[in-house]
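Both complexes below contain chain A, partnered by chain B and then by chain C.
After this line comes the complex of A and B, so read on.
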C-alpha cells in the first residue's frame, strides 16, 4: 500500500459524504429510505471492519454489540421514557461496556477459538433477550413509539420518522464514524493495529502491549456497532431479537468482505451491493439467495480482496 | 397478479442534445397517444394495487405459499364480481423473507415505489411488529392476517388492522370452557419457549380458572430442542389434560416421544393445529394423536354440514375434502389460518366502498371507514363464520372450531360462540392522530 497525502484521502471521503448528501435530493423516495437504512448498517460494518480488517480478529459475535446499542436505546425510550439524545448515548454506553467485558474475556483466545468464543457470547446475549421476554418482547420484539422518536433542540424539534430528517441523521452518523475511522487508521495507533494483524509476535518484540491495543480496538469496534444499533432503534422504531441473531453477526462480515476488508469505504460499498442485489433479485424470484450466492462467487473470483480492496491492489494503491 | 421491480437506473441519466430531443418528441407523442388520454381521463379505472407482504422464504414459507393462493383466489373472485368501486384489484407481491427488518423495507417499498393503496397479508408476529412502524410512518393502511394479540394490544399504530382472523388471546379464551367441561380440570401446558408459547402460557391459566379448572404445571421447551423425553417426567401424575402447542419440524418427534412415554394410558390431549399446519395428520408417528382434540380456525377437512359459502370458498382456493391441494394430496394446506386472507380482502373491499376510496389520498378515510365496521355476516365473503369487529382495537372476533382426530381426519365436534372470545379493550387506536 503506497502512502497518500492526507489531503487526498480526506478529499475522497468528504467527496463521498457530499455525494451522499446530494443523493438525498435526487433519489426516488424508496431508494432515499433504503439508503438511510444502508448508511446506518454501513456504520455497523465499519465497526466490524475496525476489528476484522485492521486487527485481523474475525469475530462471529458482533450482533451482540449492535443489539446492545439497539436494546440500550430502545429500553431507554420504552421503559425509562428518556429522550432521544440520552437514549442514543445509553445505547452507545451499553455497547462500549459490553465490548470491554467481552474483550477482556475473548482476547485470551486467538484465531478459531476467538471466533467460537465471540459466537458463544453472542448466542448467550441472544438467549438472554429471549429469556427476559417480559422486558424485551422476546422473539416478537418491541416497537419504539412514534411520538417518542422526536429530537427536541430548544425551540425546534426534529421528527426522526420524517424521511429527510432520518436520512440526514443517518448521514451525520455515517460521516462522523467514517471520518473517525479514517483518522484512527491513519494514526500511529492504526499502524500498530495493522502491525498486530501482520505479525503479533514481532509487534510485541518491538515493545507494544498488543493485548491493550487489541482491547481498545474491540471497545472502539463494539462502540461503533452499538451506535449503529442505537440509531437503528431510534430511526426505524423496531427493537427485536432477530437483529441479535447469528445472521446479524455474519452479515457485517459479508459486507466487509465484499467491499474490501481494511478499506475505510469498503463497508459502505459492500452494504450497498448486498442490499441492492437482494432487493432487485427478490423482485424476480424467491430463489434470490441463489443469485446472491452466485454474485458472491463471482466477486471472490474476480475481486478476491473485495471490491475496493482489489481496486486498491491493482490501481489505487493510496486508498486508505 | 404481478411481481414488480422498479429499479431506477442512474447509468441512463446522461443527457445529450439528441437524447433530449428524442425525449421531447416521445413525450409529445405519448401525450397525444390514445392510451395516455384514456388513462388520464379515467383514473378511476386504474387498478387498486394491494401490496402483499409474503413469507415466500424463511420459516414462514409454508404459510406464505398458501396465503398467496388464497389471496389470488379472493382477488379473482372480487374482480369477477366487478372489482372494488368498479376498479379491478391487483396484487403486488414482495417477499419479506419472514424477517422483520426486511419486512419494514418491503412496507416502505410498497408505499414509496410500487405506490400500492394498502399493504396486506403478513402472518408472523415479529414481522408484523417490525413492519408496523414503517406502515405508520408512511401512513399506509396495513391489514395483517397474523392471529397475534399485538394488534389488539393497541401497542402498534392506527394504520394496522386485523379484521379477518381472531387473535390468539381470544382463541385461547374461547377454548377454556370446552376444555374444562369435556377434557378435564387439571391441565399441564407444554409450549415452545418463545412468544407464541408465551401467549398460551399467559392467557390460558386465567381463562381456565374462570371455568373452575386450573393449570397445574407449565413446561417451556427451548425452540432448539430436538428430543423431549427428558421433559415428560415433569408432567404431574394427576394431570387430566395435556395442552400442547409445539411448533416447527420437531413436532413429529414430540408426538412420537409422548406416545412412547405414555403408551395407551394417556391423559386427554388438546392442541392448537398451528403445530400441524401444512402437515398431513396421517404422517407416520402421529398415530398417537388419534382421539385427541385440536383448535382450528377454519376446518381443514370438509365437514358434513359445511355451508354453501364454505364449499364455494374451498373450491375457489383449490383444496379438496382433506384440505390438500386439488390434484396433489401431499400438498396439505394451512386451512386453519389462510381463510383470513380471503376474509380480510373482503373487509378491505367493504371499507373502500364505504369510504368512496379513490386513491392513496383517501387512505385516512379508509382507516376511518374500517374502524366504523362492526359486523361481518357469514356468507361467501366470510365463509369461516360470522364476526364482530371492534374498531377501537382494530381486531375482529369470531367463532372457533374444536376438532377431534378420528379415522385419520379432523372432525369438528364443537363450535364456540363469538361471545366466548370477547375481552375488555386494552386501549383505543381511534384516539391517535391520522
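After this line comes the complex of A and C, so read on.
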C-alpha cells in the first residue's frame, strides 16, 4: 500500500483541495452551485466509505446518520433559535449519539443480518420523522429561514446563502474531513480496521478488541455523515424526510462503489460522476432511478473495485 | 358496531393480509434458505404480478372471471421468466456472493420500479374480482372473494409443503439448502436448482399479488410494503424455515390488521420494525428457527 510515500499522498490531496478552490473562480454559476452540493454529499460518502471501505461493514441505513445531522441542526435553528455554529455542533452530536446506540446494537450481528438491521433502524428513524409531522413537517419538510443562516464572527458576518460563502464553507468542511480521513487511514488504527475487514478472527487472535474498534469506526462514520447532514441543512436550508429515506442510504453506497471503496478520494470522484450523470440524464428523461439501478448492477458485475480502486490496482499502487 | 364484531372484522382483514403475506414471504424465505441470497427486489416481483394482472385482465374481453383466471396463470409465468433471466444474467455471475447480490437486487428494484412507472404510469388501477358474492354474517356482510383468497393461499402453502417434503424435487432443494457443495458432489445440478428456486420465489410473490389486486389496486410503488413485511415475517419465523414463516405471517398479518384498525398505521409500522430489528440483534435465528449451523 502506501508505505513509502506519505509526502506524495498529502501532496495529491492538497492538490485536489487547491483545484476545488480554484474552480470556485472559474465555474459558471450553475455548476458552481452544483459542486457546492456535491462536496457536502461527498462528505456523506466519505463517512460511508470509512465503514464500508475500510472495515468492510455494508450498512444500508446511513441515511439515518445524515438525517440525524440534518434534523439536529435544523431543529436547533428552527425550534430552538440557536446560532449557526451551535446548530452545526448539535447536528454532529445527534449523529454521534445515534451512531453509538446503533453501533452497540447492530454490531452484535454480522454479514447479511447487519445490512438488514441497519436498514430497519433507518426505516424506523424515517417513520418516526413522518409520525411526528407536527415538528418535522412530515414529507413536506422544513425550510430553514434565510435570516437564521448567517454566521456571526465578531465584527464580520457571513451569509451562508451567498453562493461564494456557501461554496467555501462546503469546501472547508470537505477539506477537513478529507484530511481527517487520510490521517485515520494512514494511522495505526486505520490498519487495524483493514485487518478486521480482511480477517476478523485472526485480528481478534492477535489480541485486538475488534468489537470496540468496529464501534469506534461506526461512531466516526456516523459523525462524519451527520456533519454532512448538518451542513446540508445550514447551507441549503432544506430539512426534509426524503433525505432520510432508503434511497439516501443506497446513494452513498453507489457513490463509494463507483469511485472505489477504501480509497480516500473515491468518494468525491464517485459523487461528482454520479451526480453529473443523473443531472445530464434528467435533461432527457425523468427515469433517473433506472440509471441508478443499471449503474449498481454494472458496478458489482464488472467493476467491483470502482474507478480509483482499478487505477490503484493497475497503475498507482501508492494511492491511499 | 360493537367491539366484538369490530374485532372480528379486523381479524378477518388481518387473515387476508396474512394469507397474501405468507405466500410472498415464503418466496423470499425459499430464496434465502436455499440460495443464501437476500432478494431486495422481491417486492418488485410482487408489484409486477399485480401490474401484469391488470394488463392481462383488461386485454381479455368477456366475463371478469375469465380475465382473472388467465392473469392468475399467465402473470406468475411472465414474472418467473423475468426472474430467471435476472438470475442467469446477474446473480449467477456474482457467484451468489451475499453482499454483491444485495447491491445487485437493489439495482433490479430501481430498474423494475422505474420501468413500471414509465410503461404503466403513476395511476393506481383496479382489477375486477372474479365474483362478487357477499357472505352475510349476523353483524355485517363480508366479501366472499376475500375468504377465497385465504383458501387459495392455504391450498398453495400446503402444496408447497408437500412438494418440499414428499417429492424428489423437494428433496433436491432441501439437500442444496443443507449443504450445496456436498449436493453438487452427489450430482445435483445446484446451478439449475438455484435458477428454479429464484424463479419459484418470484412466482409465489406474483401469485400473491394477483390474488390481492382485486381488493387493493395495482400501483407501481405497491412492492414496498410487502417487501418490508416479508422481511419481518422471514426474520421472525427464522430465516429459511417454512413452518416459522407461515406462523409468523399469520401472527404479523393479524396483529397488523388489528393494530391498524385501532391505532395509527405509521405507529404500527414503527413498533413492528423496531421489534423485528431487536429480534435480529438479540435472537438472530428468529423466534422459531433453530440456532444457525
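Assume the second predicted complex is superposed on the first by the 298 of 320 C-alpha atoms of A that agree within 3 Å, B and C clash if a C-alpha of one lies under 4 Å from a C-alpha of the other, contacts with A are read in each partner's own complex, and residues count from 1 in each chain.
Just so we're on the same page, a residue touches a chain if its C-beta (ideal position, glycine included) is under 8 Å from a C-beta of that chain, and two chains touch if they have at least 3 such contacts.
Bear in mind the structure is a predicted one, so any value in this text is a computation, not a measurement.
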Partner chain in contact with A:295 - chain B first, chain C second, else both or neither: second
First, second, both or neither for A:33, with chain B first and chain C second: first
Which superposed partner A:106 touches (first chain B, second chain C, both, neither): second
Touching partner for A:58 - first (chain B), second (chain C), both, neither: second
Touched partner set for A:121, first chain B, second chain C, both or neither: second
Partner chain(s) touched by A:304 [first = chain B, second = chain C, both, neither]: second
Which of chain B and chain C A:250 touches, first, second, both or neither: second
Partner chain(s) touched by A:138 [first = chain B, second = chain C, both, neither]: first
First, second, both or neither for A:130, with chain B first and chain C second: both
Shared chain A contacts, counted only where both chain B and chain C touch the same residue: 130, 289
Complex contact set, residues of chain B against chain A: 3-5, 7-8, 56-57, 94-95, 97, 99-101, 104-105, 108-109, 112-113, 125-126, 129-130, 132-134, 136-137, 148, 150, 155-157, 193-195, 198
Of all residues in chain A, those that touch chain C in their complex: 58, 60, 105-106, 108-109, 111-113, 115-117, 120-121, 123-124, 127-128, 130-131, 250, 253, 257, 287, 289-290, 292-297, 299-301, 304
Chain B contact footprint on chain A (complex, rising order): 28-34, 37, 130, 133, 137-144, 146, 161, 236-238, 240-243, 276, 279-280, 282-284, 286, 288-289
Chain A partner contacts - residues on chain C that touch it in the complex: 36, 38, 90, 93-94, 98-100, 102-104, 106-111, 113-115, 117-118, 228, 231, 235, 264, 266-267, 269-270, 273-274, 276-278, 280-282, 284
